[in-house]
Every structure is written in C-alpha cells, then in structure tokens.
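Two complexes follow with chain A in common, the first pairing it with chain B and the second with chain C.
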Partner chain A sequence: MSENTQKLINYLKRYWTLYLLLVLPIAYFFIFRYIPMTYIQIAFKKYSIVKSVWEMPWADSNGFEYFIKAFSNADFLYALRNTISLNLLDLVIGFPAPIILALLLNELAFVKFKRLTQTVAYMPHFLSWIIISGIALQLFAPSTGLANIMLNSLGFETIPFLNDPKHWIATYILLGVWQSVGWNSIIYLAALTGINPELYEAASIDGAGRFKKMWHVTLPGLRSTIIVLLIMNLGRILGSEFDRPYALRNPLVDNVSNVISTFVYTNGIRGLQFSLTTAVGLFQSVVCVVFLIGANSLAKKFGERGIW
Partner chain B sequence: MIKSKSTRLGDWVIAAFCFLVILVCLLPLVNVLARSLSSSEALIRGEVTLWPKGLNYESYKLVFNDSKYIWSLGWTAILTFICTLVSMVMTTICAYPLTYDNLKGRKVINTLIIFTMYFNAGTIPNYLLLKDLDLINNPLVLIIPSCLSVFNMIIMRSFLYGIPESLRESAEIDGAGPVRTLFSIYLPLSTSVIATLSLFYAVGRWNGFSDALMYMGNRKYYPIQLLLYNIINNVSSIEVSAQDGFNKPGLSDGLKAATVMFATVPILLVYPWLQRYFIAGVTIGAVKG
Partner chain C sequence: MKRVLLVLLACLVVAMSLAACGSGDSAAPSTSQGSAVSSGTADASNAQGLPGRFAETKKITVEVFDRAVDGGTKAEDNFYTNFIKEGMLRDYNVEVTFVPVPRWTETEQMNNLLAAGTAPDVCLTYSYPTVQTYANMGGIVDLAPLLESNKDKLTDLYSLLGEENINWNKDPDKGTIWAIESMLFQNKRINTFVREDWLKKLNMAEPTTLEEFETMLKAFKDNASTLLGANANKMIPFLLSVDIGWTADHLLTSFIPNSFTDSEKEYFANNFDDRHLLATGYKNGVKKLNEWYNAGLVWKDFPLYPAGDKNIDNQMKAGYVGAFIHNWDYPYRNGDDSIAANIKKLAGADAAYVAIETFKNDAGVYKKFLSAPIDRKIFFPSTNKETEASLLYLNWISKLDNRKFLQIGEEGVTHEVLPDGIIKSIATTGEKFMNSPYNIDYTMTINGLDLGDKDLTTKSVALGYAGVEPKYVQKAYELTSKDAFIEKHINVGPIKSEEGMGPALKEKRDNMLVQSVTAKPEKFDSIFDSGMKDYLASGGKAIIDERAAAYDKYHK
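Entry: the complex of A and B
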C-alpha cells in the first residue's frame, strides 16, 4: 500500500462523518435546485404532458418559438415594463430611505428612545404581504378607511389609494418602504459602529457641525456597504417578488400591477402554458445574472470590494 | 460634553422625526385593532379611527367559532414548528462540515451551493419537478422544497467559522470525532445564531404564501396566509363556514380586521425578544452575502 493511500484512509477514518452529514444537504440541492435546471429545456421545446422533458419535440424557429411568442405577447410586455418601472422606483425611493433612517437613529441622543424606535421600525418586516394587504385595504378604504377619514377631516378630497393606477403605484412603493426601511437600516447601523470615533472628534475640533460630520465622516463610512447593497439591488432590477404585487393588486390596476412573477403564475401554473412561461422565467434569470455580474465588475472598476 | 443650544434643538428635531416613524409603523395596526372591535354600523359610517366605536367582540367570537380558521391557525403553528426544526437540522449539517478547512471537495460543494443562490431554474421548472415527484397537494410540499436556505446556511457557516479552531483541536486531541465536537462544543456556543435562524425560518413559514398558493390545492392543508388571502379578497364564500358574517358589508370589514389580527399577533409576541440576536445575524449575512 502506498503512503498516499494510507493517508487517504486515515483521513477518511477521521472525517467520514462529515461527508455523512453532508449527504442530505447535497441531495437536497441536487434534487430541488439542480434537477429543475434540466426542466429549463422546456423553454425550447413543445411541452407535452405525456412525454419526459428529454423526449419532447423541439419548438419552431430553432427552438426560440416561445421567446418570440413572449416578446409579441402584450401581457408579457406590460409585465416586463411594470417589473422594471416598479423596481426602479423601489431603487430610487426605497434604497435611500434606510440610509436616512440609520443616519437619524445614529444622531438620536436618547438611547432608550432609540431602542424603542428600532424595535417598532423592525416590526413591519415580520408581517407577510398578505397581512399588509389586509391592513392596507382597511386603512385605504375609499370612504371608511383611516387615511381618507383623516384627509377628509383636513378638508382634502378622498384619494383612491388602491383603485387608480397612478395612486396604486405610489401606494405600492410607499408600502414597500414602510415594510423594509427599519429592517434594512440594521446593516447600515452595524456599519456605523465600525467608524472610528476619533474621526468625529477630529471633525469637531476642526469646527464641523452635525451635518458636516454626517457628510464628511458618517456617509463615507457607509460607502462600501452602500455600494455592495446597490450592486445586489441592481442585480435584481428584472427580478420580481411574487407576494407583494400579488397581494396588493386588484382588477382595477391590472395594467400596472402585473409583473413577470405574476405573469408566470397566471399563464403557467394556472394557464398551463408551460413552455412560454419557462422561457419567460429563463429570460428573467439570465438577465438577472448578467446585471449582477455587470454591476459587480463596475463596482470593482471603481476600486470597491464588490460581492465576490 | 457640553452641547450648544442649536445642538440640543437638533436632538429634539431628530427625536420628533423618530417619533413620527413610530407612529407611521404602529397606527395602521392600531386602526385594524380598533376596527376589529367596532360595531358594523360604526364601520359603515366611517367613524372608526384609532379607538373602537360601539365596542363589541362579535368579530372575534365569529372567528373563534369558525372551525376552518382555527384549524388553519393550528395547522400553520404545527407546520411552522416542524419546518423550523427540519430547516435548522439541515442548515446545521450543511454548514458545519463546510467550516473544516481541510475537508476534501469543500470548494466544489461550496461553489455548487452558492451558485443556486444566484441562478434559480424558475417557477415553472420547480413546479413541474414537484409535480413529477407527486408532491403537489401533499402537505410535505410545504416543508421539504424550502427546508434549506442558502442565505441562512451562510450566516450559520460564518458564525461557526468564528469559533476558535483551538477548541476543536483540543476536542480532537481528546479523541472526539467531528459529530461529537459539533454537539459538545459548537452547538452550545451557537445559541444566538440558532435563535436568529429559527426566527427567520419560523417567520418565513408562518408568513409563507406563494408555495401554498402554487402547490397546495387541498383546503384542509391551507396555511393561514392562503386562507387569509382568500378571506380578504372574498375569493369565495366557501372559505369560511356557515357564519354568514363575511357577506354582510359592515360586519365583514370587522371580521377581516379580526382575521388579520389573529395572523399578526403571534409574530408580534415573538420578534421583540429575539431582537439582539437577529441584529447580529443580519449583520453577518450582509457582510458575507
């Protein structure tokens, strides 16, 4: 027996239990994450319920039939437009919000009150979108909801928060901020604790006030965190949540509320157009990966750490 | 440190703003609570704001007497418990071996796992696989496909990685194998990460909706979020048994408010106690993301 084989046997004798532990997780990833990838070929094939994915006949136009169909499908184009515009609005309004909250919490002088604010602000993150939509439907009801009762008593007109496309978009974005702003501020608050206190002292000696210190010390301290999170968000620009738009939509705002995930659900699982919706899903996944890689290399170009 | 007058004024402005944040977070819930306790007449007249009008517990009685809703709450609680347990075991047995630097094949396994975080086959391929596995409408479909989150596994791994290797080495010198080391050294030191991830998994299951919507057609196994969705959106009156309150305009609003409260309260009772743990968890996850 060679020395190497003996080494290997000793190694395995010692560590075989580690591989035993890994059996179940690896089986899980193999079955539930990698086998579905073989089903992706349905996007290029004519789906048939009686055949296995390997036996289904190829689709027309060199297999791209369903991609062509998707891009000439008005519903899909609406969903694509809505996905991008809702995500962009989330990025513009929802992304800076937790940074601002973290800066304010950082400046808050009363420690106990700060802790209370944090606890309360984290709460919406733990509510499901179904619960939030239940709350929103009650809160924003046209004549009996709290929001409109308050507006009316202040002399303003009733606002159709959820029943008119433009107002629905605004409500959707603001509910998103409401749900995530506290939770997302945790990361920034953690990054703030890493800033060297001497920098603040030095700034004070130089005569910097509250805002100057925020601008010249705190924000630069958050820079790399902000960039990492920005990359991840840019990578998701074509990604779509399901629960949020699905729970908040209603027939009056279908034109602006349908996104790719809800399109795939209604036309795929409900409408049984498996090839079309698999093609749409593949398009979405690929674009997401490309965006993520693009954003990451862009960040690295600017001398940042990136996410890998 | 002596502060100038303007600084103190700034402190109060910031405190006022934070107070506003608290109000915006809490008032919607207070409103729903008030509505659930108000009379239907007051609700229709649009009189209910933050305090119940015509205080009564009719809505709660109706929900309590609705066997479907109570069953669904109980089933979701059981499901949440099972899922959390299964997920924690899976997360631990996945993360722990990967903290051994000298584990052969570690890099490959790591890469294959991380890859699934960035590239997912998609809704339909996942659905068709579950169909081929005959899991659709089976209660297991609410447990197994989501029993291991890569994100949570990374948090666990980073945490275990932070435990000094010298502890492991001393255990190994004493003759303990990897599994023994896990139980006698690693797990006792990991209560904070176990608490955090259990909270994440439990909240995820309690709030889980889309998998039930897509994979579960058997009403008996509807988790609470799916039932709640159907009630809120009046999907069909058969969701709720003989109680006809759901079809009366005013009472229906109070009832919906009560059902929302039932699904919300368990979470509100749990998360504040685990706050100091999950903050650490989120931070690790963000750094290694």
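Entry: the complex of A and C
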C-alpha cells in the first residue's frame, strides 16, 4: 500500500462523519432540485399527462414550437414589457428604500422608539398580498375608499389610485415598498452593527458631522452588503411574483398589470398548455441567470467580492 | 465506530424498504377487505339484484365535489353516501368509495389526480375543454363502445339523459364519446331584478321597456335621499360586475336582432363565447351601459372587484342597489344569508327584489338566451379497470327513486309533504344536512329538482327557498325561461383553434367590456373597436372561421 493511499484512509477514518453529514443536503439538492430539472424537456416536447417525460414526442420546429408560439403572442410580449418595467421601477425605488430606512434608524437616539419603529416597519411583511389588496381597495377605491372620501371632503378631486394605469403603477410600486422596506432593512441594520465604532470616533475627532460620518463611514461599511443584494436583485429582473400583480390587478389596468407570471397562469395553466408554460418559465430562468452572472462579473471588475 | 455505522446502515435499509413499500401498501389491506365483503354478501346475493348484478363484488371509486360548507358533513362519508353505497352493493354488488375533490379548484385537482394515475374511476367536471385535453393525451376511456354493449342494462341512464345528452360529445368522424353530459333539468339562467318597494315609494309601475327602465334608474338616482336617507351617496341605481356579459345579459342580448339566431350557421360560428360577445348588435348594448355609467347610474367601483366578490353582494344586502341582472334566483338563494333575507333586516320589512321583464329585442320579444340543457361532463379516466361497474353506477344514480331520495331526503327531516303533494324543504342540521341544494353533488347525472311530475316539481321548486315568499320565486322561475331561445346542438367534433384559448379569451372579453363601459363617451367607439380587434386577432377570428368551416362540412 502506498503512502498516499494510507494517508487517504487515515483522513477518511478521521473525517467520515462530516462527509456523512454532507450526504443529506446533497441528496436533498439532487432529488428535489436536479432530478426535476429533467422535466425542462417539456418545453421542447408535446406534453402528455399519461406518458413519461422521456416518451413524449418532440414539438414541431425542431422542438422550439412553444417558444415561437410565445414570442408571436402579443400578450406575451406585453407581459414581458410589463415585467421588465415594473421590476426596474421596483429596483430603482424599492432597492434604496431599506438602505435609507436603515440609515435613519441608525441615527435614532431613543432606543425604545427605534425598536418600536422597527417592529412597526416589519409588520407588513407578514401580510399576504391578498390581504394587502383588500386593504388597498378599502383605502383607494374611487367612491368607497377612505383616502378618496377624505380627499373629497377636503374639496379635492378623486384620485384614481387603482383604476387608471399610471396611478396604478405608482400604487403598485409604493405598496411594494411599504410591504418590504422594514424587512429588507434588517440585513443592513445587521451590517451596521459590524462597523467598528472607532471609525466614528476618529471621524468625529477629525471634525466630521452626522452627514459626513454617514457618507464616509456608514455607507462604505455597507457597501459589500449593498452590492451582494443588488446582484441578487438583478438576477430577479425577469422573474415575477404572482400574487402581487394578480391580487392588485383589475380589468381597467390590464395593459400594464399583466406580467409573465399572470400570463403563464391564464394562458398556460388554466388553458392547460403546459409546454407553453414551461417554455416561458425556461426563458425567464435563462435570462435571470445571464443577468446574475453579468452583474456578478461586473461587480468583480470593480473590485468587489461578488457572490461567488 | 463500526457499531454506529451498522446502526446507520440498518436505519437506511429500513427506510428504503419502507419507501419501496409505499407504492404497494395500499393494495394489501384493500384486497383483504374486499374478500371479507364479498364473502359476507355472497349468501344474501341475487335475491333483489338488478340486471347486470355482478356475482363477485366489484370496487369502484367515484369523484364527489367537496364544498366545505359551514355546518356540513364530510363530503365522502355521510348519510347520503351511505345510502348510495348500500344501494349499489345491494343492487349491483359494487362497492363504492367516494373521493372528495374541492369544488372551486376541481380542474386543478383533476390535473393532479390524472397525472398521478390516481383519478377516481368515475370523474366529473364542468369544463369540456379539460376533458378534450386529457382525451387528446390518451388519458380517457372512449365510452361509445361501452355504452353500446351495455345499453340494455342502462335503461334508467338512457331515460334520464336521452340519446341527445349521451351522444352530445360524439365525434362526428371517429364516433368516440369522451364524456356524457348530465341533464340540466331546470334550464334557468338569468333574471332582471328591481327593488319592488322603491317602485312603490316612487309610485312607479314595473318598467316594461328599455326607456322606462332608464327612467326608473334616473328616478332612483334623483330620489336617493328619499330612498336611502343619510346613505343617499351610496345609491347604486344599477349594479354591474366585471363579468358584464352576465350581469347585463338581458340588456345586452336585447340588442341582438332576431335575425341573428335565425341563421343557424351564423349563430354557431359566433357562439364560442357563452356571453354572446360576437353577436351582431352587442356593441349597441355596451354603448347603452357606457351612457349609464357616465350618467352616474352604474356603480362606479365595479371594475375593482373580481366577479363573485362578497363586496358586490353586500351592496345589495345593505339595500343600496336599485336594479341588477344575475342568476335567475340570485336574491333568494342561501336561506338566512340570502340577499332577500338580509335586505329585510337592513332596509325594512317591505324591501324586496322582484324579477321583471323589460328588455325587448327588435321583434318586440323579451327573448332570453338559455344555454343547452347540459350540465356536468362525466368521464372515465384510462386508469378505470371497472368500466362496466362504473356505468352501472351511473344507471343506479339516474333511477328516479334513488335520485329523488337524494334530492329531497327524508320526510320530516329535510322536507315535508303538503296536502297536494308539494314538497317543501325544511332546514336541518346534523348528519342528514345536505351539503348542496338538492344534493346536486351526489346526483351526478341531474342538476335541478325532478319529482317525476312536472307541475309538482315547479310548485315544489318555489317552496325550495326557505324564508322567501313563493310568489317571488314563482315569478322569477316563470320569467327566466319565457320566450326562451335554446341553442340547437350542432356537433362538429373538437375545434382545434379553441384548444387552451378559453381562459385567455374570457379574460380579454371581460377586460375590453369593462374598459368600454367606463370609457369617456367620445372614446367609447375607439376603445370597443380596438378591444374587439385584439380579441379577434388573439384567436377569436380563427375560432369563428374554423367553426364556420366545420359547420359547412357536417351540416350543409
């Protein structure tokens, strides 16, 4: 027996329990993440409920029938446009919001007040979009909504928060911010505690005020967290939640509220066109991966750590 | 260390063997159960069996809709399922097991069951496109040869459904039958309702023309403070929901010229949409709604609530609504929680909705468009190994005595018999509570009360609404099908371009109608026309063309 084999055996004798522990998560990922991926084939095949995925016949046009069908569907293209524009708006407005909230909370002097604010800000995160849409109706409906009743009694015009496409987009984005800002700020608040207090002291000695300290100490301290989260958000640029647009939409704003997930629901799942659904889903995932990798390598180019 | 490894290995082996058993274990206990039952009934057999009774016990599973009603019993195990089970065992020596499927997600659930190969032997759904989709994939049994060879044993099924409903979906080329249609016994659809007490207060007669109806709506609006007092600003002269095609049906279809239904081909080609969106003249009806909307006669917030949202009913229950169009018995349904009962509590003892006839078409007829007399679609998945027993089940459930018991239950518990034989429903709780009106979920082959005598049935239906004065129900019952147009069944087999398009086109229809109704008057035409253009381009036109071509092929 050579020396190396002996070493390996000794190594395994010593550490085999750790490898055994690793088996579980690997099995989990293999069974629940990788084996299901073989079903991606459905996008290129004519779906059948009774045949196994390996036996289904290939779709027309070299298997790309359903991709062609999706891209020649005007509704899909609208849904694609809406998905991108709503997600971009979410990114531009929704991404900085928790950072700002974290910075503000960090500056609060009264600990009790800070905790209360934090808790209140988290709460909407635990509400489902169905409930939020119910609240939104109670508040923003044109004639029975509380907000409009108040506006009317103060002599202002009714604002079509939900029944005009432009106003709807604003309502949609701001409700999203309201729902998630508190929760998303937790990670920044955690990162803030990791900043060395000596840096603040040094900055004070150098004569820096509150804003200078925020700009030169706090924000740089948060930078790597911000970048990681930004990369992950860019990876979701074409992803779409289902419950938020589905719960908030109504027939008057259909041309801005129909996103890929709602398109998949009505045309694919309810219309029993499972191959089409899978094709759209695959397209979505591929674009998301491209964005994720792109954003990551860009971050690395600028000297950040990235996510891998 | 070795010992630990051994223990781990042993655990693994046990776990794997358990997992391997998983697929087979359901078979083991059921076979033993089966033999026990068959040996138990062997001696009592033949005595009272019906033609086709099996010598040896067969087993089938049957789908039943589960509505999860408050105060209800278990859908798959209760007084009525036991009645069926006992009867089937006695008459045919077939052991029935019920499989509950949630009513409101039935299609999704059926997908899962079929994909997993665990669908019940006897399945039902309201969606024929679903059946067609599964049939195309080879997941459904062709009933045609089975019905043919067992016809002499299925007398009750044939006498209830008739050749018409049984052969409804027969493919004109291949002769396949993927599903038979159950019977819609009371073909009732829609009514127009107005507040009877408001008419009285304003000294107005029931409107009989569109103009009078419009005058009435305006009167409701102008007299809001008389009618609603402090709540005057909540007045809704005419209620609408996003399902405009349904909640304005009588108004919209009155704009369709009589000639449209005279041409069988034109009607068939444009009849994909069950709200008649593609009919000639429909646009004029929508324009009328647009006028009303802009004149403040229609509920302003309607586009925001999904059809079926409780908030819509609440407007009626609270007594803010002057008139609406809906299911023929809508205000009278649901006993203590009906709109009729609520409005009495909240708006005064004389408050009531009464059905009226007010929208005439170009020929001066109050024409009502009824759907075909078909209801649920019954099919057998290809996993069904007991097709004959399953057919006999359908026959058993179609037998008048059996379905009558299921529909009205036990005398003195769920109904009482009035002197002239009329059946009056009584509310009950406990094990004999019916989970659905007339136990529609157990009488798979029929929807609607049938006592075997037409006059008796009609009178009994009027008494089927606890707490509602029979005169209201009778009037609604009469008007909803007066001067009815029932479409002729034209069988051309599957229309390829309709496949998978139903939900998407339905959504497009609702969206374009809502957008048109709420448009500014000067923009109405452009919005309606562009919506229609989009509808046609997204599949509507292809469907019309294919339907017209198919009509020519089979019916020229």
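In this section, the second predicted complex is superposed on the first by the 267 of 308 C-alpha atoms of A that agree within 3 Å, B and C clash if a C-alpha of one lies under 4 Å from a C-alpha of the other, contacts with A are read in each partner's own complex, and residues count from 1 in each chain.
Everything that follows uses one rule, which is that contacts are C-beta pairs under 8 Å (C-beta built on N, C-alpha and C of every residue); 3 or more make two chains touch, one makes a residue touch a chain.
None of the values given here were measured: they were computed from a predicted structure.
With both structures placed on the common chain, the touch criterion links A:T144 to chain B and to chain C. In the superposition on chain A, contact is made by A:G271 with chain C only, not with chain B.
Of the two partner chains placed by superposition, only chain B is touched by A:L21; chain C is not. In the superposed model, A:I186 lies in contact with chain B only, and not with chain C.
In the superposition on chain A, A:Q284 makes contact with chain B only, while chain C stays out of contact range. Of the two partner chains placed by superposition, only chain B is touched by A:F29; chain C is not. More residues of chain A are in touch with B than with the other of chain B and chain C. Of the two partner chains, chain B is the only one that A:V228 touches; chain C does not reach it. Touching of chain A by both chain B and chain C, each in its own complex, is seen for residues 137, 141, 143-144, 269. Across the complex, chain A meets chain B through its residues 11, 14-15, 17-19, 21-22, 24-26, 28-29, 31-37, 39-40, 42, 53, 101, 104-105, 107-110, 113-114, 116-124, 126-131, 133-139, 141, 143-146, 148-150, 178, 182-183, 186-187, 190, 210, 225, 228-229, 232, 242-243, 246-247, 261, 264-265, 268-269, 274, 277-278, 281-282, 284-285, 288-289, 292, 307.
Of all residues in chain A, only 20, 47-51, 73-75, 137, 141-144, 162-163, 250-252, 254, 266-267, 269-273, 276 touch chain C in the complex they form. Against chain A, in their complex, chain B makes its touches with residues 7, 10-11, 14-15, 17-19, 21-22, 24-29, 31-32, 35, 43-46, 48-50, 90, 93-94, 96-97, 100, 103-104, 109, 112-113, 116, 118-129, 144-145, 147-148, 153, 177-179, 203, 206-210, 213-214, 225, 228-229, 232, 253, 256-257, 259-260, 263-264, 267-268, 271-272, 275, 279, 282-283, 286, 289. Those residues of chain C whose C-beta lies close enough to touch chain A in the complex are 8, 107-108, 111, 114-115, 129-130, 133-134, 137-139, 234, 242, 300-301, 303-306, 311, 382, 500-504, 507, 510-511, 513-515, 518, 534, 537-538.
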